[in-house]
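Each of the next two complexes has subunit A plus one more chain, namely subunit B in the first and subunit C in the second.
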Partner chain A sequence: MTATVTHAELARRGDRAAVPVAIVLLVLLPLILMPLAAVFVFAFRGGPDAFLGALGSREAQFALRFSLLIAFATAGINAVLGTYTAYVLSRYRFRGERPLGILVNLPVAIPTVVVGTSLLLLWGPIGLFGRLLEPFGLQPMFAPAGVLLAHLFVTFPYMLGAVKPVLDEAQETYEEAARTIGANRWQTFRWIILPALKGGLFSGALLTFAHSLGEFGATVLVSGNLRLRTQTAPLYIFAQFEAGNIAAANAVAAVLATLSFVIFFFLLRYTGRRSR
Partner chain B sequence: METMQPRRRELLPAMLFAALLVYAAWPWLPFSRAAAAPPTIVFYGFSILADVMQEGIFPAFQKQWAAEGGGPVEFVSSFGGSGTVTNQVIMGVPAQVALLSLESDADRLAGAGVVAPDSWKQLPNAGVVNLTPFIILVRPGNPLHIRDFQDLTRRGVRIVHPDPATSGGANWAIVAEYGAGARGQPGGPAAGEAMLAGVWKNVVAQAASARAARTQFENGFGDALVTYEQEAISDRQRGKLAAVPVYPSRTILSEHTLVVVDRNVRPRDRALVASFVRFLWSEEAQRIFVKFGFRSVHEPWNADNPAFGTIADPFRIADFGGWRKARREIVDDIWKERVMKRPAAR
Partner chain C sequence: MSIALDRVTKRYAGRPTVDGLTLDVPSGELFVLLGASGSGKSTILRLIAGLILPDEGTIRLAERDVTHLPPQKRDVGFVFQNYSIFRHMTVAQNIEFGLRIRGASRAARRERREELLDLVGLAGLGERFESQLSGGQQQRVALARALAYRPSVLLLDEPFGALDVKIRAQLRQSLREIQRTLGVTTILVTHDQEEAFELGRRIGVVDRGRLLEVGEPEKLYERPRSLYVATFLGAGTLLVGRCREHRVELGPLSLPIPDDVPHDEGDRVRVLIRPEQVALSAEKPPPGAAVLGRGEVVDQAFSGATRRTRVRLEPLSGVRQVVPPLPFGAENVLLEAAMPAHADAPPDRPWVALEAWHILRQPTPRLLVCDEGAGLSSALEIARPLVESLDAIATVLGVAPDSRRQDSLRQALAERAAQAGLPDATVRVRRGDPAEQIALEQREASYDFVIVGAGEMATRWGRAQSPGLGEDLAATLATPLVLARGRPRSPRNILICTAVGEPGKSDVRAGGWLARRLGATVTLLHVTLPDRTPLPYVRSHLERGVATLRELEVASRFSVREAESPIEGILAELREAPYDLVVVGAATGQARRSARGEPITRQVLRRSGCSVLVVPQGGW
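The block that comes next holds the complex of A and B.
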């Protein structure tokens, strides 16, 4: 259908677009653009020195670094787990395949606060498993491990969603050919499937990274919100804002917003190029 | 040629992420770490303590501990509503020392088996570290002419109040409002309940902690805020008080209780934690609290801060039989069961 639209036709549509585009902009301005601008305006209100001062505080630096490390770890681990799950779901036929497919996508639908609560009730010191671990001095909750667990849970479907469609589309004939010339499963995966998955892996990892960087609902529960130990950047922003230190909150918020813009830009450029 | 172009394009994100990773991991990289991590004290406090602890008490104790030959010590801290902090400690956060807004939160910890019942009573001053009275903050110029709790019951006054479910300050405020009505008036308890009902029908916003309530008020919500005097003083000292404190003729002095969570203190840290706990009642620490707007448990030191206002009839929780009784009779029975369920309160 789109193939029949000529360039001339598109140009004519462009002329008539002025009014609808203006309406969309008018709606987006107070809804999205102005609130985002306000973060930057407030962040730089005291001048660049105040901004850098707020950003340079030990707690702000820790929060940003901790958030980035968790995001890297989450993206890395879920890249492996998500790809493997996608591979299993795409290449094997088994009973319970559909329920499993639904189950692994469930985290998108569950409120993050519920994720936090459930993790606490399982791994927390009074939780089902946590109680058994306690005597050994193992305590995943209120520690970096707890934050990582929560982020792995919450972002699990993103990797899967990015990789599985590519796997589903990929021609199995290449894999069969590889196997007929004696490649084992791992070799087939390494040399045939993985190269085809590169794009999906990249966008899935970016999405996971971005989401982990901004995760709040589950983190606030499982982290214990300890400054210099488990406080992520979003928790830092919330704590500082609640305490009335709006400048400190906004400096970190501006950095987080900029980071997500950059990640989103890469994502758009990459997926845009592939679909063209 | 198809393959060269994307590769160059991927260089930029790859470099950016590599730089981010190096930045993030920098303090943990082997060559950037100078010494082994010093011993830590994990401190949880109720919301308004954040400034005084981080800028005053922690640095002062670090200096003292180092001077005594104890070496460096690090503080890991978290601040929130007293009820929130209590719940977190019950859930198992690694708090070693917790300074709670009210004793009934300490009772809840004892009830959950986290600390031994009444263990805080063995601390100096029965565990009470510092005090501050409850006052009313109003908009500049006091346009609604609010002079006392009674004025908060007038129609059309919009009050910002912390939430008693999570905020210790809110519980103190409820007893302050009740006591202001009940004390020295012929009606007694009935007058107290009437005062509570009058105030609470005007509450327009409830925040999770006293600090959060003040931020809401600062952001322009409401005409009046019931809060700790310390909030008003510390804001004025920072030159960012955009409100006028009103001292009620009768109000409560809140008493803040310290608990030590022994099960979270490793044997080798016991001396350190005990020393920190003792330090909180030292003259140096108490004077720091006074400087930041808290009232010391030692009355003469309060002369240091000229900002403290005078209250005609200050009262204590002991006047209502202690928190156990007050929680049951005033907060649970009168406020929760009667005042909040009145049709007018909706």
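The block that comes next holds the complex of A and C.
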């Protein structure tokens, strides 16, 4: 009974939906859809050979590999750090808990360029830590380590955001039950908490990965944009554009866009399955 | 596989949730902890499981001290109120979890799992997930999971709370069978009295973190010792009557008080009448029946097997009703009655007779002994003979100035109490101003006597211990207050000063009550001032006082003295005979000051070295 009413209702609304839907499409077309299409159109304008050739260059290859490597590392490290932080925030009550909760989410709100500058100020050759490290020949800035550092910083909240709600929701009595059954803290984590977190970990890691892949603002500052050393894919695209190599830039851009689509598709599928 | 708790205390924010709890459950027993929500019963269970650690006391499981062990080392099975079935595991994996942790082989795990699924009646459902189970099935899984690794004890926290009535009854039955088959020592926590009666071989009733009574269901229902248990378990009527010549008077009825219930002439005695012990009849019952009178049916309710009736009786003189509560201002007696539903409905104006009743034991006197933790310990020393001869329970209270010194004070108090011969006393430490905290403690736990040392007036406790404040304290406490002085022994000679004004009734009764239990003799003193002729009523008051004391079977005499002032009269009397306790009414002590404005209490303490009992008006 309810279902039929809803159907009729929807159908009636459908009749009137044409105009608003058209408006939305008109706005989105130049805003989102056309630029996305343009990437692929321009990438393949010279034919598949030109596309493959552009991708095959040493710099392009390095940039893509470096980006993937950093993205994997970032996702891996932040999976551990984020989960642990989420666990602490969700299980313990302590003074300064709220400020800490806000603080760890701050990287989302700070412009990435600002993150880059602050990292430079801290770790750069004349920075607070950088000065201490210099005598040992360690120089995180303008090196792969610096890029990783920047990406960890920028993407930290995504993991936390994906895992903490799951932990908050998981009943504390699960852990208590596991303890009374005989599991120690590690066994409880391994067998009870971790399996419950699987979904959150997966989507958090995907989000982190995707963001790391596209990170530009902080990377451009801390990496020094060094060819074949610290140049990530987005930096490569930017550099090629500036040099007038639109085709080379678009080829890598198309690959990045495709990767993002795939990740997005997985995320959608996963969250869709969970909500059902 | 026994469970033994010894004086276990758990505090939250300084207030005890579990308060000095001692409990012994022998191997193989199914014990039920029954209490209202917030009584601390779940906390007790969590303490046994090790999910929280006690502040004081020891917990032993199967003769092993587990007080400081983490939960996974205690070998308990715990069934949570919400079951907490692991959602990402199948039923089989849930049940096997404990065995897997213990490294059991796959074959052993499977065998045990099948055994348990059979036992709880879930055979064939091993591959299901939590979301595919009904509430009752989830409860069975939780039980099987808790039993899989053969724990030495099984703890169940409101296991049937979330289920509907019919399933509850089934599960209760099967739990009882399972427990009997396995013989595992079990404690079940519930707020449901029916559940407690059906499952428990013994029941412990918990209120405010204390175990009030432990016993078989029948005993707790028919012969409860405390008011709380009488009213918490089952329905009924609770009336308070006066004791006259070893009988309690309820209007036309006079019921004998059993010898094992200590009582005194004039005591208020509480009589519990269960609904099924009330007989309603159209005809006047034959002579010899315990007839309360003719009543009027005000309410009837049919509940399947029985019919519940409320009958209103005319007010009975000298009888006060506690339960069921009466509307404000009403003085009638309202009686709960129940009879089999198949019997004839009672007439509108039935004769009411009692077929049985239970007279509640007088509560054990409780003493609050305030001690500073250092210096003289007069309060502790006078408390010891009182505890012994009154068969009382003592609580030693210390007040720390700040939280840092709380623990050291608690330790000091425990040592001093043991030294003073009170090893069983509960030690309690509060924080803040002594006088305020003593008053607060009394308000929260209502003791029968408060004892404060009166020796060390220059100390931090000066305010609380100065007799002037002592009187204030007695008045705010509305409880008799002993100001202990010197090295007191068990009082043998008690002087009750009705020195000025009208002799208060409370002071004579409180002093007499004490004297009877201590085996002491009492002198009633009245002081007349030289320029006045003795008032005519004085003599009759004194005679009435002596009569009251005689009723209490206390050896007594009276003395009338002429003196310049009341205090001089009292001091003169004290010089003549070896008194060891002076009883004054709070009003007397406060209102009447000597010329120098010093309260009588303080002067007695300062000038005689005798302990003083201050009894507030109406405080006894």
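Here, the second predicted complex is superposed on the first by the 260 of 276 C-alpha atoms of A that agree within 3 Å, B and C clash if a C-alpha of one lies under 4 Å from a C-alpha of the other, contacts with A are read in each partner's own complex, and residues count from 1 in each chain.
By our rule, contacts are C-beta pairs under 8 Å (C-beta built on N, C-alpha and C of every residue); 3 or more make two chains touch, one makes a residue touch a chain.
Source: prediction; values computed, not measured.
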item: Fit-or-clash call for subunit B and subunit C when the two complexes are aligned on subunit A; value: fit
item: Subunit B versus subunit C as contact partner of A:176, first or second or both or neither; value: second
item: Greater subunit A contact set [subunit C / subunit B]; value: B
item: Partner chain(s) touched by A:69 [first = subunit B, second = subunit C, both, neither]; value: first
item: Which of subunit B and subunit C A:97 touches, first, second, both or neither; value: neither
item: Which superposed partner A:168 touches (first subunit B, second subunit C, both, neither); value: neither
item: Closest Cα approach, subunit C to subunit B, once both complexes are overlaid on chain A (Å); value: 9
item: Subunit A-touching residues of subunit C, taken from the complex the two chains share; value: 49-51, 70-72, 74-78, 80, 82, 84, 86-89, 97-98, 100-102, 145-146, 149
item: Contact footprint of subunit A on subunit B as seen in their complex; value: 6, 9, 13, 16, 20-21, 23-27, 42, 47, 50, 74, 76-80, 88, 90-94, 208-209, 211-212, 214-215, 218
item: Complex contact set, residues of subunit A against subunit C; value: 171, 173-174, 176-184, 187, 191-192, 195-196, 198
item: Residues of subunit A defined as touching subunit B within the complex; value: 62, 64-66, 68-69, 72, 120, 124-126, 130, 139, 141-142, 224-229, 231, 239, 241-244, 262, 266, 269, 273
